[in-house]
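I am attaching a structure below and will ask some questions about it afterwards.
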Amino acid sequence: MFRNNYDNDSVTFSPQGRIFQVEYAQEAVKQGSVVVGIVSKTHAVLAALKRNAEELSSYQKKIIEIDTHYGIALAGLASDARVLSNFMKQQSLASRLTYDRPMQLADITARIGDRAQINTQQYGKRPYGVGLLIAGVDATGPHLFEFQPSGVTQEMVACGIGARSQMARTYLERNLEQFEGSNREELIRHALRALKESLSQDKELTVDNTSLGVVGTGDAKERFRLFEGTEIQSWLETTFENQGSTQEGEGMDVDK
Amino acid sequence: MFRNNYDNDSVTFSPQGRIFQVEYAQEAVKQGSVVVGIVSKTHAVLAALKRNAEELSSYQKKIIEIDTHYGIALAGLASDARVLSNFMKQQSLASRLTYDRPMQLADITARIGDRAQINTQQYGKRPYGVGLLIAGVDATGPHLFEFQPSGVTQEMVACGIGARSQMARTYLERNLEQFEGSNREELIRHALRALKESLSQDKELTVDNTSLGVVGTGDAKERFRLFEGTEIQSWLETTFENQGSTQEGEGMDVDK
Amino acid sequence: MFRNNYDNDSVTFSPQGRIFQVEYAQEAVKQGSVVVGIVSKTHAVLAALKRNAEELSSYQKKIIEIDTHYGIALAGLASDARVLSNFMKQQSLASRLTYDRPMQLADITARIGDRAQINTQQYGKRPYGVGLLIAGVDATGPHLFEFQPSGVTQEMVACGIGARSQMARTYLERNLEQFEGSNREELIRHALRALKESLSQDKELTVDNTSLGVVGTGDAKERFRLFEGTEIQSWLETTFENQGSTQEGEGMDVDK
Amino acid sequence: MFRNNYDNDSVTFSPQGRIFQVEYAQEAVKQGSVVVGIVSKTHAVLAALKRNAEELSSYQKKIIEIDTHYGIALAGLASDARVLSNFMKQQSLASRLTYDRPMQLADITARIGDRAQINTQQYGKRPYGVGLLIAGVDATGPHLFEFQPSGVTQEMVACGIGARSQMARTYLERNLEQFEGSNREELIRHALRALKESLSQDKELTVDNTSLGVVGTGDAKERFRLFEGTEIQSWLETTFENQGSTQEGEGMDVDK
Amino acid sequence: MFRNNYDNDSVTFSPQGRIFQVEYAQEAVKQGSVVVGIVSKTHAVLAALKRNAEELSSYQKKIIEIDTHYGIALAGLASDARVLSNFMKQQSLASRLTYDRPMQLADITARIGDRAQINTQQYGKRPYGVGLLIAGVDATGPHLFEFQPSGVTQEMVACGIGARSQMARTYLERNLEQFEGSNREELIRHALRALKESLSQDKELTVDNTSLGVVGTGDAKERFRLFEGTEIQSWLETTFENQGSTQEGEGMDVDK
Amino acid sequence: MFRNNYDNDSVTFSPQGRIFQVEYAQEAVKQGSVVVGIVSKTHAVLAALKRNAEELSSYQKKIIEIDTHYGIALAGLASDARVLSNFMKQQSLASRLTYDRPMQLADITARIGDRAQINTQQYGKRPYGVGLLIAGVDATGPHLFEFQPSGVTQEMVACGIGARSQMARTYLERNLEQFEGSNREELIRHALRALKESLSQDKELTVDNTSLGVVGTGDAKERFRLFEGTEIQSWLETTFENQGSTQEGEGMDVDK
Amino acid sequence: MFRNNYDNDSVTFSPQGRIFQVEYAQEAVKQGSVVVGIVSKTHAVLAALKRNAEELSSYQKKIIEIDTHYGIALAGLASDARVLSNFMKQQSLASRLTYDRPMQLADITARIGDRAQINTQQYGKRPYGVGLLIAGVDATGPHLFEFQPSGVTQEMVACGIGARSQMARTYLERNLEQFEGSNREELIRHALRALKESLSQDKELTVDNTSLGVVGTGDAKERFRLFEGTEIQSWLETTFENQGSTQEGEGMDVDK
């Protein structure tokens, strides 16, 4: 019977140079419900499928506002995500208090990456079991970053992580060229469509199980805002009943 | 013979991204006697089945007042629960002394979640072997939260944890729509009925083995109070003999 | 051959949520000679069977005065008990010096419980291998608490721990109703009778192998005192020769 | 083949509640040569069999003066005994310097017991592999204490530890009643006779292999003194040639 | 079945004096995409093949500017490389702030070597799983250094590390004599050709998957600069369509 | 096949109360070349057989002067001996600087014993793998002590440790009575003869492989001095060619 | 199949008193290319065979100047050697700054020996995997020391360590008598000839693969200097073409 001698902790390389515990932590991300992110020239959008483990619980919190200019979507261990989001909130607040400016997105992403790397190189710790999409707008425009348990972070045009996220990614790859030029409404609809691809056959996106995070730049500067429940009703309708529609005029008010 | 190589400590992921020691700690919760919580627009209620390991002992303490505005019900390792409740009392007292305001329930819940998460990511510790229901009223109204050994916390409409709690949850799910609008007496009766569902066939709820925690808001602002013994006599009678009765006038005095 | 993979240390849960090392520590309590405690409305009494490992040694110290208002009886590892009793003495002394008041019994019991809990959640320690009965009188009246290696503590009406203590408990359960109203002499006789139940057939309680701890409240306020040797002669006689006698006038002087 | 899974370290309980490493440390005591102690109303006496591992070495130091009012006899690991005796000397000196009074014997015994207990409850340490008899005189009269690797300490009337010490103990038990009233010379002879019982058939007590420690109270206040070599000649003669003789007038001078 | 007993951690030598975990870390370098470095009398050049794990991600960052006078190319674990490059940036900045001079390349290379060595001699750490090429110009002219997970660093004339890098090295060895005298354009073309050798048959170097780092000395002093995308178009064309051409006049502007 | 479960570290007792790692360290002493020490009423002498692992190396340093009044001879791990001798030098220097007096030999011996004992009672250390003979003269006259890896130290009349040292010890035991009254020259010759006994048949003591350490008291107060090479020529000659000669007048000058 | 239970770490003795991990570290020395050292009355010389792992790399640095009066040659793990040489440089600089004098060679050698010893007596570290030859001139004349992973250091007349060094040592032993009286040129030629002995049949010493370190005393006081490349051309020629020639007049200039 096969016995892997190299997967006991995150400070042991396999003979092939792999660190299995880091790879297993990546599996924890795949247990989380799917989240999707897309960035255009003017906006960054997060969309998430919320699970409720049982009817009695409120739905999981999948998208979290960190600062007025960005938020995160998570897939994996919720308590690990809370630790990381608390850290991001503290860092972002410190940046505003100390330097009087919002944290750069590439910067905060690198910091959680560094923090995560330590857990992959020290005995007695374990890698974080959560993946994050960081979406926001800073001095250099809208950005989308992916954070992985390995501490690897990379900027993305669009991304999907979590259970069955391969289907979301396939949608995103097929429509990759359209994102940069998409306006706010188009971007949201792309995110919702990508999210829907990852649902199993018999499931639908509803006002209960879907949440959106939107942030924008340009003239209509829009701070990061989480949309849930009835707020997303009309997007769900326009996206899945009039697919391809680009009539933004029918869109909804935006919190500026 | 099956040998699980990944369940020795809480800093090791299985190849499927699971942390077995955290899951085993969850089993300790299932060894505890059942506790139930429900929240309405105006009240939050906890109900607990008290065991006495032997006749000579007093009954277990299953519901603990933490501050005047909230309390907890526990299932699992009692000494772990004491450590956590002491921590909550200190934090709540510090909030009152430092900021002159009661602790927000979402806040204190997150703090014990963070504390528990550390024990799941550091070698040489073990996860807490206890689950908690946190019920109370704060500036944002009545709330019910569930705390799990993994450090995951979530707001609930109603919840049951501990031995045979699945039956209590089934009752709660069937009656989910009624809770929000229930008045104090109705809510207590729902909690007692849910609790009774989890008893084995030959057991009854009695003034000895049942305890209740009630806290309210609105006009009749009611601080958290624990009811035990003869205090709950009439509730047990009205609940199980005149099921469905909503004659609140027959209720009992409330400590305001 | 069965091999338990989960009983190596106290920071590992079994798949059923048990911590075996804590349970094994409980077995150490069962190796100790039996001790019994009972509480009435006015008095708390401890009775202990003292072993002498060999003829040459003095008898074991089974009952220890901690402060003028309470004492403990122990079963299990004597050196662990000494560590805990030293801690209790320091805490009690500090309470008197700092606040000028005797330590509440529920309070000191919780403190040793917390201290013991740490040893069940940290690698490299082991649980205390001793059980304690804490008996005394404080501002809220007479109390009896049981302390277990798990850190669990509970208030008891009557309790027996140590070797063959099940027999003592059976006696206590049969007479449970009588304790609350018993006077000092009756309570002592109940304690002695319960203790005797746990002796093997061919053994007798004697002035050499028996010790008593008594503390009282009310008009005849009686500080905690240990009775041994000839001091307990008449109790042994009245208890086992005139069973049922309640002639207190024949009792012995009490140190007030 | 039997494999004990619970005897690897001193922080693991066996399923029966035993700590095997502590029991194994007790075996180290049994490897040491025998030492005996007896206490009367007026004196405390230690007697020891000194081994010389090889002819070239001086004989082992088995009895050590700690302070003017007490000394110890040891059986087991000599280097562990040195650590403990250094600790006792420091504590005793500190007592004299700080409080201007000799250390109480019960007190110093409890301190080494506490120190030893720590080594039985912390991973990475091992229990001391030595047993001690502490004999001396303090404000409360003459005392004899036994210290064991477990940290257990107990006051004794008489005691023998080390190799074949069971035979010495049998002698002591047979003569137990005589000790309390024995005078200095009688007590010494009892100690020598008990010691001799533990020798193998073909061995004799000689001025080379025997050492005595004597301390007394009362009118003839005698500080702790070690007797070796020709100093013990006449005791050996009177003890083993005129057994039963009680002619003290023939005794030897005493260092007061 | 073969079982290696000496490859569990980096503080264990095999009987042949090897440290397997360090060798396994070297395997992680071979999992990274290939990077190449060459140094001439006047310039140092880095060339890297960028992978994009999926279409949605931006390409990996394979070349990083550390200071104005040097940069690195990496192969292996990206998060380990980030930790090391952060350290290099801090050290280089400190050198400029404290001593007002750029860090010597041999010096900074030795420092990361020392840092890496520690991880190979301390239990509970793991070696860095990344190899680096450090290329730059300092007071002593252009330099190229290789850093390995073992902490070994060596100055190189030319070097290739990462997947299939043996092919790049074969090219470099065949053309070794030409490098010292090559001008900037020739050196870049050598680097690109070496890089191409390591591509699998069906792959091509493109403006998307190729990046270059160039730094120079002499009259045309050129600070370290990263070239990507359309900036490298003409180099790709002149290298692979007019192989052997040395018409520098057709080269591209250089950021001075 | 026999598998010893108790010999992995020095903090584990075997069921027989043995600490195998300490015993194994004693084996390291037996790997060292033999050293011999003898003490008389007026002198202490050390004699050592020096090995040269290969022809190219200088001979091992087997005798080391620690202070003007004493030196040590070592058998076992040379680097462990250096650590201990450095410690002894520091302690001895401190004694002279602080108290203006030479260190007592019993005192310095106890200190290294205590230091060694710690390594036998703490996980993660190992016992010193070296034995020492400490020879010198202090206020109480000449002394010879043996230090063992266990931390045990004992005063000796004569002693031999290291490879084949049993033969040296047999010689010493046969001549034990003569040592006390021997003069300087006789003592040296005894030491050389004992040393020779431990050589294999075909080996001789030579000016190259022999070293002597001598220290004396009395009228001809002689500080500790190491004799090697031609200095010991005449002793070798008088010892092995005129065995039994006691013509001291022919001895050699002494450094006073 | 043989399984060594005692070679897991450097704090475990085998039953024969060996520390296998230290011996395995010695094997790492044997993996390094050969280095040779010889000392005469006036000079100390190091000679080293440099490997280049691949054609592209510069040759390994085998001889390192530590201070103006001495240098080292290394065989084994290069990164371990760098740590030790950095330490030696710091110590030597400190000696000059603090005491205004060059470090004694015996002193600096003992310090790295002590540092290495620690790694053989502490769990979680590993021995250094490198051997060093330390050659230089101090107030007491020219010296050559060997440092081993065990922490053992010894002064040598001549020495060879590293791969196939046995052959160099055989040459050195055969010519041992000539070294003390050799002049500078003769000593260098001896070192080169010894080095050549360790080459495999088909290899030659060249200006590329050979390096020399020379330091001298006396009238022509010569600071430590490393000779490489064309600088050693004429020595190679005179050594291997005119073997036995002693025409120093043909030698090369010396940096004084």
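Going in written order, the chains are labelled A, B, C, D, E, F and G, and every chain counts its residues from 1.
Please note the rule applied: a contact is a pair of C-beta atoms (placed from the backbone, for glycine too) under 8 Å apart; a residue touches a chain by one contact, two chains touch by 3 or more.
Note that this is a predicted model, so its numbers are computed, not measured.
Common neighbours of subunit B and subunit D (chains touching each): C. The geometric centre of subunit C is 72 Å away from that of subunit E, both derived from CA atoms. Averaging C-alpha coordinates per chain places the centre of subunit D 58 Å away from that of subunit G. Contact with two or more other chains is made by residues 123-124 of subunit A. Neighbouring chains touch in a ring; in the direction leading from subunit B to subunit C, they appear as B, C, D, F, G, E, A. Listing the residues of subunit A that touch subunit B in their complex gives 3-4, 7-9, 20-21, 24-31, 54-58, 60, 76-80, 82-83, 86, 119, 123-129. Residue ranges on subunit C touching subunit B, taken from their complex, read 5, 10-19, 110, 113-114, 116-117, 120-124, 146, 150-159, 169, 172-173, 176.
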